[in-house]
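Okay, structure first, notes after.
Labels run A, B, C, D and E following the written order; every chain starts at residue 1.
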Amino acid sequence: AEDTTAAAGGSDNKNIAFVQGVAGDEFYITMECGIKEKAAELGYTVTTQGPQKFDPTLQKPIVDSVTASKPAAMLIAPTDVEAMQAPLEQAAAAGIKVVLVDTTVNDPSFAVSQISSDNVGGGAAAFDAIKAAKPAGGKVLVISTDPGISTVDARVKGFEDAVKADSAYTYLGVQYSHNDPATAANLVSAALQKDPDIVGIFATNLFSAEGSATGVRQAGGKDITIVGFDAGPNQIKALEDGTVQALVAQQPATIGSDGVEQADASLTGGTVTPTIQTGFTIITKDNLSGEGGDAAYKSSC
Amino acid sequence: MTTTTTPAQVIETTASHGSLAERVKGLQSVWILGVLVVIVAVFGVLSPTTFLTAGNMTNIMQNVSIWAVLAVGMTFVIITSGIDLSVGSVLVVSSVVAAKTMEALGGQGWGTALIGLVLSVVVGLAWGILNGFLVARAKVPPLIVTLGTLSVALGIAQIITGGLDIRSAPDVLVDTIGYGRLAGIPAISLIALAVVVIGGIVLHKTRFGRYTYAIGSNEISARRVGISVDRKLVQIYALSGLLAGFAGILSLAQFGTTTIAGQSLTNLNVIAAVVIGGTSIFGGQGSMFGSMVGLFIPAVLQSGFVIIGVSPYWQTVAVGAILIAAVYVDQHRRAAASRGKGVST
Amino acid sequence: MSALLEARGLSRRFGRVQALDHADFDVDAGEVVALIGDNGAGKSTLVKALTGNLDIDEGEVLFEGQRVQFTSPHEASAVGIEVVHQDLALAPHLDSAQNMFLGRELMRPGILGKLGFMDNTTMRSQAAQAFTELGSAVRSVVVPVGAMSGGQKQSVAIARSVSWANKVLFLDEPTAALGVVQTHNVLEMIKKVRDRGLAVVLISHSMPHVMEVADRVQVLRLGRRVATYRAADTSVEELVGAMTGALDKKEGAA
Amino acid sequence: MTTTTTPAQVIETTASHGSLAERVKGLQSVWILGVLVVIVAVFGVLSPTTFLTAGNMTNIMQNVSIWAVLAVGMTFVIITSGIDLSVGSVLVVSSVVAAKTMEALGGQGWGTALIGLVLSVVVGLAWGILNGFLVARAKVPPLIVTLGTLSVALGIAQIITGGLDIRSAPDVLVDTIGYGRLAGIPAISLIALAVVVIGGIVLHKTRFGRYTYAIGSNEISARRVGISVDRKLVQIYALSGLLAGFAGILSLAQFGTTTIAGQSLTNLNVIAAVVIGGTSIFGGQGSMFGSMVGLFIPAVLQSGFVIIGVSPYWQTVAVGAILIAAVYVDQHRRAAASRGKGVST
Amino acid sequence: MSALLEARGLSRRFGRVQALDHADFDVDAGEVVALIGDNGAGKSTLVKALTGNLDIDEGEVLFEGQRVQFTSPHEASAVGIEVVHQDLALAPHLDSAQNMFLGRELMRPGILGKLGFMDNTTMRSQAAQAFTELGSAVRSVVVPVGAMSGGQKQSVAIARSVSWANKVLFLDEPTAALGVVQTHNVLEMIKKVRDRGLAVVLISHSMPHVMEVADRVQVLRLGRRVATYRAADTSVEELVGAMTGALDKKEGAA
């Protein structure tokens, strides 16, 4: 729709900006690795930016500044389907090729492509992992970060729906740790005090899992299945250590490299795939050497 | 004793003799403004074609607008030697109540928007009054009161929404206020500017503002001269709450969604802005203009760093370091300019 | 005839200290009463108790013959009672004109005034005039009070209270920090205020000043009024004796 | 004048006459302890078989241990009328440096652990000295200094690790310190207790503590009597940093990993605890015991609410409300007990 | 003979106020010098400038004939100079014994003392003794100073400085808040200290007190020393004239 200006279509602009959902998160770091690898291959340079929290009010100013810096393409994990709509439309209007990675927005028509994970499905998969480890059923608990974070809420919802569909399990609800491992530990040990017969805990992100493991250990190392989300090097190590019993792995590196491919295609006039859906893998100690190990996120770029 | 009476003398009744330059130097906020100008200039040189564009400047303006509204209330509160940690949560709960109601009403027009606006402001005001009451009457320290109401307000917002953001601001709100422009300037910034200007006038020119300083300067003295300090404090926290409520509807207009999980750093960011601007957390001094400059420094730094492509981790380091440096320069220039403070003051 | 302001049996305890112990006190319109007593006798506490600055444990206060209970300084001020406290308590960040008019700001005429805008120019010039009349050493009304010398601060506090009092004026050691000339002026001012029909209560440790302006002298010891004298009928020695309690042992000692 | 000399009088030299009950009531921290006891009792009645168990109590103890170590330093800092927002980040950066080194060294034994401990403490101390230097010498307000170093320390931790937590605490650290027990009591709690007791003795019994109060009570007076206030301030912030470094290694032992993104609320939680415990943010007063009680109130509330099954959103509401109520009760009981404060104090 | 402490041409400006304007000053061992002047003349500023409490713009200070530059009160204290400041500046949350020994705490003997433990019992009893000797109205050494009466606070500040001074003692209006008896005692104390060979500088607005204890009187006006008198050779009228500047116009006025 735009005239081919230097900023928009000119082949001399080889800059790609990657805006994470939150800086310093293993999932996005792994995605960044995928992006960088593919970008190097295709001859692009990548700058990465991200807000301190998964918070649209903090991500919007960053997107605005990225737009001002006029990269050829922007790969972004929007932190809110509505809040990021307008700023991203503005970016697209400025001639930047926008690729939505991991998460999306309400009306992604401005984007050249969207590549997303199925977080609801991931939540359901987490339940399957608990079911596999504790087939007899029992009480299950969710430790999450904060209410209102879309990806995490989707995981919780997927998990909840799956539990409620299976009468052998009792859903104890979700507790929020504010992403603080100490709080997660406190919550889990108190929950175990109340319901000593909990069989499984779904921890929706890294610190929830760390804290949950601590809480379980404090309560005397009961036989509880903790299922974590994501499979970064730390989570894998936790799995190896036996701190958590299963992980739901997404495919961040693939999402990243696909994103770069799509951006490149639209910049060079190749064929663009408007939507790509990626899946997930359940990793346990048993499949670490095989399928599970392959799904583990890259440890470094 | 056979002393004579009054030695004839002329009492100075105006601060405004001395050259214009001297008067300007005397202004508290000038130095920190200088720091801001230097920062802008540096980024301008590093990245002239992208940083110093009208588009980028308006974006920065737009992005500080909501915080600016909150900073107006916060400036009043901190000048009384109080603090308001609850602004972010009050913003959220106000916008939640407004969004919920507007959703129920349906409509995408001004009628619905107006009801939302009024509700949001009323909810914010109610929280502010509660804060003020607990601070002034129950004599609970402001830090605890507002930390407590932060938690309560957030919890209520979560209960109302079930933890899921409401994404249904009337279109007219988003289109005109959130993203509308007047003569190229974002509407939301103009609204914020109006709030800031009015806030500045009230603080610096009216009796209400004078009492704000008096309470922060010496609460006992304020009581002794007959100022009903408790009532004033309630009003000041109410103002802060009201503005948080107003910011709630602005946030809804800007983001089109309630930001339940967001706004967690809002209180610290706004407080930092006010303190960077030269307002003392021990009360009695500060200025609205300073708070605004204090708001722009981190915002400009962030934008500049993103544009010149500094990685987020280094940004975190640089913003922290420059913040300290900015306030250091400000303090020392100011002290050197007046030399009016002995060790004993 | 009932007194303009009267205290009956006021008591107030702080922790283990009985600061006021059934203290009585009275002052009439048009007279200067000196309230004297040793350090810690309870003078300042009595003043605070009479002017809504302190809750009392026991006793009653009568103003114009009516029982009153001031719960805040605001209420005492509203009926025309003003106080210069010993610790002054000015707002250090505000200048002397602002302090002088604090709580009684002059507003701009018309709509601006209704909106809360103050008339700073008039306040400054009136403040300057008040300081001049008092012969004080205040040289500027636009310098923050926190930066002023001890005597200058005291002048501001005095000027303030004198301007607003119209029934009773309490002065708790008003001349402690004042220079010779300023002290003289304040004593003259006290007489003038008295002549305007106000009741003036002067607390001072300077017996010459007390003798110079007081009509009556009331002596507080250990939180209790132990004696009242007509100034004309007493001597410095007698007053000192009453304050220290020497009189109790040997009547009329010197 | 023929006045007599000194009237003979006996000067009270000890506060400790009066009955034991009176002396206990006079203790500042008693009332807030009462509030804590009431809270525990209420949960105990609501849920006697689960809440009031030894297991639950040790869990709570274990979970406040790290914060307790931070609260010791924070109490000193706040008594000087300062604030330290950087503790959480300093904890993180210290544990990152220690973990990185221990990882490089390999080994799972005491040798490696000890090197990690020393490094962590040294890094924390260095940050504390930097904070102190900026506060005392550069005269930048503590709020800005520690907000700035918060940011810088966090950024450095992210740069060192590339944002990925390091999961390699030596086993011996995790097994003995993190989860070891002595006579049924978690080792980490015993360590924290030792720190708290030593901190309390230093604060209340030594000259260092006396100077801490003096600086907070009236900095000018402290300077005038010849206390080298700047040096003391550096030491006090250094202490806070050192303890944050120590907490860093404890955190590593407890969680087995650095928690880079996980400490963003630590500073507020610790500050709140100190203030709940009766320490004034305007300085000059406070007690170590109070801070500890202030730490337990939110922790007990959280645990209790989970156990009696209050939903998380309502928990947020209830914790906030009870916090305010607790401090309110404390303030008013204390005022009523002494009645020692006139309007003018 | 050079003076024990001497100031030459000290200047200090605050904003637009020239608080000190080439002020000279000198005091010898074993004498009491009264420093007098109108409110705002610069007396307190001079004291601060001489004792490391304030930077000066110009001029020099000599102590025992040597040029000195105290950059903090600590350094002045270290050579034996103590000050009772006009605004006292005690730590309100600490009690009077703690204030009295602040910065000079007595430590427990042995290892405990090395570890920083203080000997509170001894400090309290020594403080009580000092207050008794001074005949002050302080009744308890374990009550926070913030809760004390004006005179009691002043007594604490005086007792503190007197205890520690061993070369020069500055007293900035030390008797302003004191009762008759306490004032008398402080004046006696000043003489005793002088007789011990210390230099005492007394700032006061009370001419009778000045005449009672001073050996020499130095007059400050508008930041500058305008006159020095031997107390024995002058009169109250002459001093007041010098302070107000009346003397300039009509020499020897009264």
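The definition used in the following text is that contacts are C-beta pairs under 8 Å (C-beta built on N, C-alpha and C of every residue); 3 or more make two chains touch, one makes a residue touch a chain.
Because the structure is predicted, anything quoted here is derived from the model rather than measured.
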{"item": "Farthest-lying chain, centroid of Cα atoms versus that of chain B", "value": "E"}
{"item": "Most distant chain from chain D, judged by the mean position of its C-alpha atoms", "value": "C"}
{"item": "Euclidean distance of C-alpha centroids - chain B vs chain E, Å", "value": "46"}
{"item": "Distance from the mean Cα position of chain E to that of chain C, given in whole angstrom", "value": "28"}
{"item": "Whole-Å separation of chain centres (CA-atom averages), chain A against chain B", "value": "34"}
{"item": "Centroid distance [mean C-alpha coordinates] between chain C and chain B, Å", "value": "41"}
{"item": "Chain D: positions in contact with at least two other chains", "value": "1, 3-4, 7, 158, 163, 220, 223, 312-313, 340, 343-344"}
{"item": "Residues of chain C whose C-beta touches two or more other chains", "value": "14-16, 53, 73, 85, 87, 89, 138-140, 143, 147, 180-181, 240, 244"}
{"item": "Set of chain A residues in contact with two or more other chains", "value": "23-24, 53, 147"}
{"item": "Chain E to chain C touching residues, read off their complex", "value": "14-17, 37-40, 44, 86-87, 136-140, 143, 147-152, 155, 173, 176-183, 205-208, 240, 243-244"}
{"item": "Contacting residues of chain B [partner chain C, same complex]", "value": "1, 3-7, 9, 11-15, 202, 205-208, 210, 213-214, 216-218, 220-228, 284-285, 340, 345"}
{"item": "Of all residues in chain C, those that touch chain B in their complex", "value": "53, 72-74, 77-78, 83, 85, 89-94, 97-99, 102-105, 107, 115-118, 124-125, 127-128, 131-135, 138-143, 146-147, 160, 180-181, 184-185, 188"}
{"item": "Touching residues (chain side chain A, partner chain D) in the complex", "value": "22-26, 29, 53, 147, 173-176, 178-183, 185-187, 189-191, 193-194, 206-207, 210-211, 213-215, 217-220, 232-234, 237-238, 241, 243, 300"}
{"item": "Residues of chain B touching chain D in the complex", "value": "81, 85, 134, 138-141, 143-145, 147-156, 158-159, 163, 220, 223, 268, 271-272, 275-276, 280-282, 312-321, 323-324, 327-328, 331-332, 343-344"}
